[in-house]
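What follows is a pair of complexes built around chain A, which joins chain B in one and chain C in the other.
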Partner chain A sequence: MNEKILLKEKISDVFDALKGENDIIAPVKTDWGIEFRQIENPEDIALDYLNSKVPPKAIWLPKVETLYEYEIDGKDVKIKTPPEKLGKKVIVLGIRPCDAHSIKILDTFFKQGSFEDDLFQKRKENLSFIGLGCNSPRETCFCTSVAGSPFNKQDVDVFLTDLGEKYLVETISDNGEALIQQLPWLEDSSEADIELAKEQERLAEDSIKTQVNLENTSKLLDNNFYNAVWDEISATCLGCGSCSFFCPTCHCFDVIDENDYANHRGRRIRVWDTCQSPLFTLQTSGYNPRTSQKERCRQRLEHKFCYYPENYGIVGCVGCGRCIAYCPVNNDVRDIIAKVNNIEPRTEEAGKT
Partner chain B sequence: MTNLYVPKLTTIKSIVTENGANDIKTFELVFKDDNDLNEFKYIPGQFAELTIFGKGECPIGIASSPTESGSLKFTVKKMGTVTAALHNLDVGSTVGIRGPLGNSWPVEAMKEKNIVIVGGGFAFSTLRSLIEYLIADEYRSYYKDITVIYGNRSKSEVLYKSDLERWQQRNDINVVLTLDRAEDGWNGKVGFVAPIVKEVAPSSENAIAVICGPPIMIKTSIPELEALQFTDEQILSSLEMRMKCGVGKCGRCNVGNKFVCADGPIFSRAELKQMPGEY
Partner chain C sequence: MTIQAQNDDIVNNVKDIAKRLLEEGSVDLIIGYTKGTIPLKAPPFFVKKPEDVERLTWDNLGYTNLAKYLLVKRKKKIEDKEVDLKVGIIAKGCVGRAIVQLAVEKQLKRENVMIIGFPCNGLIDTKRIEKELSGKEILNASVQNDEIIVKGKDFEKIYPFEEYTMALCKTCKNRTPLVLDVLAGENNNTTVMDDFFDVTTMEAQTPEQKWEHINGVLGDCIRCNACRQACPVCYCNLCFVDQNKPIWFDKTFDRADIFVFHLIRSLHLAGRCVSCGACYGACPVGIDLNVLNRKLEKLAKERFDFVAGTNIETLPPMMAFKMDDSQEFMVEE
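Moving on, here comes the complex of A and B:
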């Protein structure tokens, strides 16, 4: 590994050097907070941020994605696919380690089973991450409890550490090496720079005060599907779905036809959906296996902290804390897990009838 | 690039109205491209996603058997947006299809065994597929006794009337039909499915029982099978959940850590007991 130095005023030079064959997506300040957007003007790049409100998930799993388009001609139908360019390379600049890790979780999910999701895979293959260490984790962050850290570098290609007036630049992957070669003007780093970066990392990790103990959570969730704790956990939940909308690892989607009746054509799209809505599982007959918010709250927790570990050996959470920060009734997943952990152990295989 | 979500195109070749209420029809579909037909290799018990362009997609069990080559059959009750639109289509119209999807009736594991098939109402389509498969010339010798118990509320609700007649004329399959209440001109049994299971009393010896129907029928029939010493491993059923993608990606049909579309829809009673009862 050989570390370089990037002066902050030279961020626009990075943009100019890399924009040729890549779309550059980076955090931008908007009226409603920080958002990841495609950059046209490098002055818009805002790397002095805590984290974006909506995760950058939309880059690899768009909120609305066309699956195909169709044209209806009497009794005949023509299908057009693929409807949009998926080949363009994309660099996400300034992504946080938690969000960078989330794509690994989605990748595990979209690859499992007999079918691979090619739309997701194609987007993922074209992605490069220039990550940014998290000097100031938020009060809601708990990445260190889910195998992450504010300076986790394993999921990015290049890693930046904010040293005040400049960034320490570390090359992590071969792909990152190729990017760095396009920036030959980067300056060399000193021992002091590297020491300062290590100090930032230590301070950041120390600043995360909450630890969530997940040691027995999966087993407890498996054994306590019908426990009364779910009444308590779901009592204040409004079912608004903010937790899943803002979640970098929530990937469930709806499939809808958008039909242009006048012109006999349309497109089939998939859109972000949420298990917190009663419509999610409502059957045509009117029957719904998840009748109340209790079942829907339980599903979200079980999915991330029980089914993910059982099926794929990983936790479906990166500890970004967005579900805590944006819950309108201040439900806190850390408290919910603590409540689950406090369920009295039961000896029999309970609740599976 | 292959795209999981793009359907193949078929044409409706024939439409049969199955019931007196005129809300259940069997659609026979033929692929527009012969390659698609060759690639569509399925086993009884699997389903497919049918698309009515502009309306949407819905998962339907395949009612035909792979032994009836050349076309696919789907028996569809008019229920929601997509099925209502399908019911409005004529012969010659285009229907999109993705599949085959899901697991299947375990036709390999069923070999050298006695097969008991218990069905009720319109949940009989993948059972029809299974029966046609088991009695096909090329497969019949692999299976031992085949007993079919099929119940309905009334005569006009009985599906696949001509198939049932054909099966009843054979001596290598025992087909027992029952109606909830007696009707004029009915030659079969009268009574709910559960007591008929008790009366027919198929042996559990070296047997597999397959059961599909309304929840109340399943709930009442399973104790009868258990009384005949069928174990949880010997009783198979098919689950239904709301589905969208059908390939285990959209995330809505899970029961516990299983996706009904990809891990199911067919589970043994032993497997179901390991899953939460959220279905």
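Moving on, here comes the complex of A and C:
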């Protein structure tokens, strides 16, 4: 049988067995909630959690990343590619299915045709996910509306289901199989364990009450770029960007040169950016195509619920609900989508003008 | 009177006035707070029709400083002529102060704003409650009598309102706007002078201790700029930290870069900050550096006898020069 049992008290043994050639990143309790951090002491691992505040995307898309360093010597410029430990394997332990799925969504952007983002792809290749089923989805969760589920196992290598005192351990991928082989002491599961896991899955799915109807949203967004609904939606938005900083699928970044003039060297970095900032689209000429918060709010919605479905055939949202929880003015994405869905259908020609 | 009873009074008074003003056409729009879609949130709410006043609320959660929305130019057309909208603002004391400060700084026309002042009774320190619940989901929160009742899946907590009021509210001496057009209820301002008790601890610290404190507070900053965006008196077209031709400041999460942003922003608010706490309310990681702003408020008071947003006639110290200004920073020859 493929399923194994891991007693909760043995989590530190998993850490000890896997830490050798891997960095292990897991949820830990901090002052302001749960955060994914590199684990030094297995006692810090806090798997009894709802979800992390900041999504774990910083693991594969760091907040600040050096693209290259340079040194200027007279007329010569020496370029050094990033020395960071990109080769190191990373295991993310206890990642939720929604967050695990987010990397698939990001991958569409970081790998388009012949364009591949080297740094992102290298980090991704070295990643393994030991996912954790979501027994208690929050009121703000709507993963089941965006093709996910609290027990979606597709995007992880190993899947854990919390059964109280123990976890049911399922091997999902070949990579996961290799990890499990390093844990030969895992106990065998019983029929009852598997039944209990199925029951947990059913309960979790049933507990998600929020349903976001996206059936016509993409089309409506496409046809109503200039609709007055955007004035209403953006009226109270402060443009703070919390929604995108806390979004597992927001991936836009700014590229900046940091010059050390005195020492004739510097580095080119990329840092997290947000489409909610006026600077995001400010062009060198001084022209800004998105002049107000209305255009910026619209962009974020269009990107996730129109351009993503159109360009890649998937919704650019995993339904984690973080943007709902952290918006200071409570601009609830569920309400926003409902408002878009309520727009009177228009013909395509009329909408484009 | 309990906090809950005060809230009921405020809501009833505000609704009556808002309805009347909209019906008689003295304002085109009223901005207040409404009930949130999740607990511990009170989103700003734009009321255009008299029937919508029923959705106005006051439940000690209105962190957003509504004066921020007055920075947007709002126009309507009358016989092909564009005229400014008259906007009514349901204003707690610090919203009133922000409106005055913005009028003094010529960012809005006072005559375009109808200040509907109400006797604010303080904000709930939602960040503190969230922090103490360390990630547990809050399903319901309400003010009952003088307590905040917070419920989750398998817990119910009771917090005394007075203790769990936001730190800045505990120092507030202007709960009802000093400058207003309509008063909803009774003025509850105190005549007690501000003694700045909240900054004394930090003042007594050594530079090392201050450094440690600020380090601790700013450690979690993710540089989203929500504090700046929520701040009613942060309205520069291009913030210093966004200057990119050339870049003035680095944009990384290095401690130095984070410090530069927060400390300079604080200085830019000297004699301008109205101590509303909107920055704290908007900060997704709950950073509270208001002790710095309060220290600057104290300095402005001591040196220039100026308190931001309390007097529409007086220019702020950074906008005016007087021969008898305190100049102890000048080096004697």
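Rule of thumb we're sticking to: the second predicted complex is superposed on the first by the 347 of 353 C-alpha atoms of A that agree within 3 Å, B and C clash if a C-alpha of one lies under 4 Å from a C-alpha of the other, contacts with A are read in each partner's own complex, and residues count from 1 in each chain.
As a convention for this text, a contact is a pair of C-beta atoms (placed from the backbone, for glycine too) under 8 Å apart; a residue touches a chain by one contact, two chains touch by 3 or more.
Note that the structure is predicted; figures quoted are calculated from it, not measured.
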{"item": "Which superposed partner A:E191 touches (first chain B, second chain C, both, neither)", "value": "neither"}
{"item": "If touched residues of chain A are counted for chain B and for chain C, the larger one", "value": "B"}
{"item": "Partner chain(s) touched by A:E9 [first = chain B, second = chain C, both, neither]", "value": "neither"}
{"item": "Contacts of A:N330 with chain B and chain C, given as first, second, both or neither", "value": "second"}
{"item": "Which of chain B and chain C A:S242 touches, first, second, both or neither", "value": "second"}
{"item": "Which superposed partner A:K122 touches (first chain B, second chain C, both, neither)", "value": "first"}
{"item": "Contacts of A:R268 with chain B and chain C, given as first, second, both or neither", "value": "first"}
{"item": "Touching partner for A:D254 - first (chain B), second (chain C), both, neither", "value": "both"}
{"item": "Chain B and chain C contact sites that coincide on chain A, given as residue numbers", "value": "254, 256-257, 284"}
{"item": "Residue ranges of chain B in contact with chain A within the complex", "value": "1-7, 9, 11, 51, 53-57, 79-80, 83, 90, 92-94, 96, 240-242, 244-245, 247-252, 254-257, 259, 262, 273-279"}
{"item": "Chain A-touching residues of chain C, taken from the complex the two chains share", "value": "36-38, 41-46, 63-64, 68-69, 130-131, 134-137, 139, 153, 220, 222, 224-226, 229-230, 238, 242, 244-245, 247, 250-253, 281-282, 284-286"}
{"item": "Residue ranges of chain A touching chain B (in the complex, touch as defined)", "value": "67-68, 70, 72, 75-77, 79, 81-82, 86, 109-110, 112-119, 122, 225-226, 251-257, 259, 261, 266, 268, 270, 273, 275, 280-285, 289-290, 295, 299, 302-303, 306-307, 310-311, 351-353"}
{"item": "Complex contact set, residues of chain A against chain C", "value": "29-34, 49-50, 53-54, 63-64, 136, 138-140, 235-236, 238-242, 245-246, 254, 256-258, 269, 271, 274, 277, 279, 284, 324-326, 328-332, 334-335"}
